[in-house]
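We call the chains A, B, C and D, going by the order they appear; numbering starts again at 1 in every chain.
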Amino acid sequence: MELLGLFYYWVFAILLMIGFYAVIAKTNLIKKLIGLSIFQAAVFLLYITMGKIDGGTAPILQDGVSLYSNPLPQVLILTAIVVGISTTALGLGIVVRIKEEYGSIEEHEIQERDRQ
Amino acid sequence: MIIILFGVFLLTLLVITALAIVRSDSLFAAVILTGIFSLLMAANFFLLDAADVALTEAAIGAGISTVLFLGALALTGEQERGGSKKRLVALGVVTVTTLIVIYATFDKPRFGDADAPVHQHVGSWYLEKTPELIDIPNAVTAVLGSFRGYDTLGEVFVVFTAGIGVLFLLSARTARRPKDIEAGDEPDQGLRHYLVPRVVGRMLIPFIFLFGLYVQFHGDYGPGGGFQAGAIVAASVILYALLEGEGAALRALPMGVLKWLVAGGALLYGGVGVASMLLGSNFLDYSVLASDPIAGQHIGIILIELGVGITVTGVLLCVFHAFAARGRV
Amino acid sequence: MTMAIDILSWLLLTAGGAFIFIGGLGALRMPNLYTRMHAASLTDTMGAVLVLGGIMLQAGLTLATIKLAIILLFLLLTSPTASNALASAAILSGLQPKEGPVNRAGRSE
Amino acid sequence: MYYAVTIATLITMALALVRALVGPTIYDRLLAANMFGTKTVLFLSVVAFLYGRPDFLDLALVYALINFIGVIAVLEFIRERVDSDVSEKSAGE
């Protein structure tokens, strides 16, 4: 039981680092953005996991229920998801412009062109 | 107990999917897997009692996010060529950090512990005060709209700014602006060749739109609210654009209108705040909007959720059209 | 009466679960795209009808049943449509269904 | 009994995920993604009842609708793809 509960946090750590790996090691800019969104998802998962209370239910008040999970992390993450997609869109916009200017979205090719 | 096992199973699938996304050479396959990743994420959120968050993830992740990534892929090419650089160093850093973070988790409060520090502060206060001060069942909407209205205002302006940023980046120097697509008769007519999806899709669009409105205005009572509704409404218009072509969608909702939506929603939100100031209270304190404070809260929350919904719809559609118009250069 | 409804709904749920599992197995094991599609659509239609029908019986005449009926309606509309579009896209791209016996890799023998 | 259905759904999700990972064609992946979506709808509806909060069926409804948009978007993309990826397309034949 203890370990199963910790598993949520471990998955958070692993997902975080999978996303981070994509950001630092992959040269394709779109792959980096996908990695960034995995990283983001890991943080969302951590927040929501911490908001959960054993035996609680979703914080939509109902007669006859007294224990609810914490609404605050949910509020933060709910807005963060929408902000996340907007910023990802901005990132994709920048990648598209880079492609148009440099003819490539591979990091090393872009750096090569910059050196010329 | 068994629910936790379900959660663990879903989380394992989540990790496998994430690994596959990073390993996949074809970006197109990676984007499809991202859709699955988001479905898994939402199922997990739901198991963790976060119905509103799951709804947001459902509306954003599986539909809009896939569409945006595909829009970008269409402009940049779908095959990854570079592979990885300095793989061993990166792997080393990542492994060590993972182990450190996992070591740190042993000090975290037990999963689901009601006495964890997170639950000792404002969280429980919000739950206690929501029936008394705001009197709507959905505590998440109450916190989002009223208790933490400043936060949400900030988030709406971030979304607004990101939308403006995309428009600045992608509207410049296109041979064909959305305006031209809007006016001209488009040779490109969407999924003309797929008769069945077009017929069924057309049938579904009004229902998706209607459901978006339901989520918008039912947000006080059940899972939902402006952020989710904005994404669902935007998704219905995007479906129309996919089925009938860019031109048809832009004729129905021209770019000029969309820009007004983007600004109008944020203005409506700010306007509610200013109105409450003019009525002699603090910024975004809705209690003064009606003679009865609780009725005032209800009016305020409905108005600001509407503002949020309008801005999110506008921004997502602007971004979609900006990418789509760029593709036709 | 409630007993009968309970038994019926458990039957539907079990059958639905079985259909879903068999369909999933088929989607994994079938030799090529079109046969896999056949297996997958089994879970999307039959499985969904049985499972949602079973839950509907449990829910009784409430708002939940209406929502379940709407979900079922949309699933029955969208899922075969998506399969149809997918199949026609695959055909148009030149992925031909094979006739005659096929081995596991999907090649004609 | 809800548990049995949930477990069947979860296993099928895993099977669909394997199909999505293996491919071999993009259509296989798309098929798996679509199947995964409908399984999530069923999963959410059953769990909503397991939790005793049937008002959360809204979520499953959103999924049933939005999943379709994802598939249509991918098909539209395949139709207009810029540099067609021949190797993936013909790998399954």
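As a working rule, a residue touches a chain if its C-beta (ideal position, glycine included) is under 8 Å from a C-beta of that chain, and two chains touch if they have at least 3 such contacts.
As the structure is a prediction and not an experimental result, all values here were calculated from the model.
When the interfaces B-D and A-B are ranked by how many C-beta pairs touch across them, A-B comes first. Separation between the centroids of subunit B and subunit D, computed from CA atoms only, is 20 Å. Centroid to centroid, with C-alpha atoms defining each point, subunit A and subunit C lie 32 Å apart. Distance from the subunit C centre to the subunit D centre is 12 Å, each centre being the mean of its Cα atoms. The set of subunit A residues touching two or more other chains comprises 57-58, 60, 62.
Each of the following residues of subunit B touches two or more other chains: 51, 73, 75, 77, 191, 193-194, 197, 201, 204, 207, 222-223. Those residues of subunit D in touch with two or more other chains are numbered 13, 30, 32, 53, 55-56, 58, 61, 65, 67-68, 72, 75, 79. The list of touching chain pairs reads A-B, A-D, B-C, B-D, C-D. Contact residues on subunit D toward subunit B in their complex (touch as defined above): 3, 6, 10, 13-14, 17, 20-21, 23, 26, 29-30, 32-33, 36-37, 40, 43-44, 47, 50, 53, 55-56, 58-59, 61-63, 65-70, 72-77, 79-83, 85, 88. Only residues 57-58, 60, 62 of subunit A touch subunit D when the two sit together in their complex.
By the touch criterion stated above, subunit B contacts subunit A in their complex at residues 1, 4-5, 7-8, 11-12, 14-15, 18-19, 21-22, 27, 30-31, 34, 37-38, 41, 44-45, 48-53, 56-57, 60-61, 64-65, 68-69, 71-73, 75-77, 80-87, 90-91, 93-95, 97-98, 101-102, 105-106, 108, 110-114, 116, 118-119, 122-124, 126-127, 130-131, 137-140, 142-144, 148, 151-152, 155, 158-159, 162-163, 165-166, 169-170, 221-223, 225, 227, 230-231, 312, 315-316, 319, 322-323, 326.
Of all residues in subunit D, those touching subunit C in their complex are 1-2, 4-5, 7-9, 11-13, 15-16, 18-19, 25, 27-28, 30-32, 34-35, 38-39, 41-42, 45-46, 49, 54-55, 57-58, 60-61, 64-65, 67-68, 71-72, 75, 78-79, 89-90, 92-93.
Across the complex, subunit D meets subunit A through its residues 51-53, 55-56.
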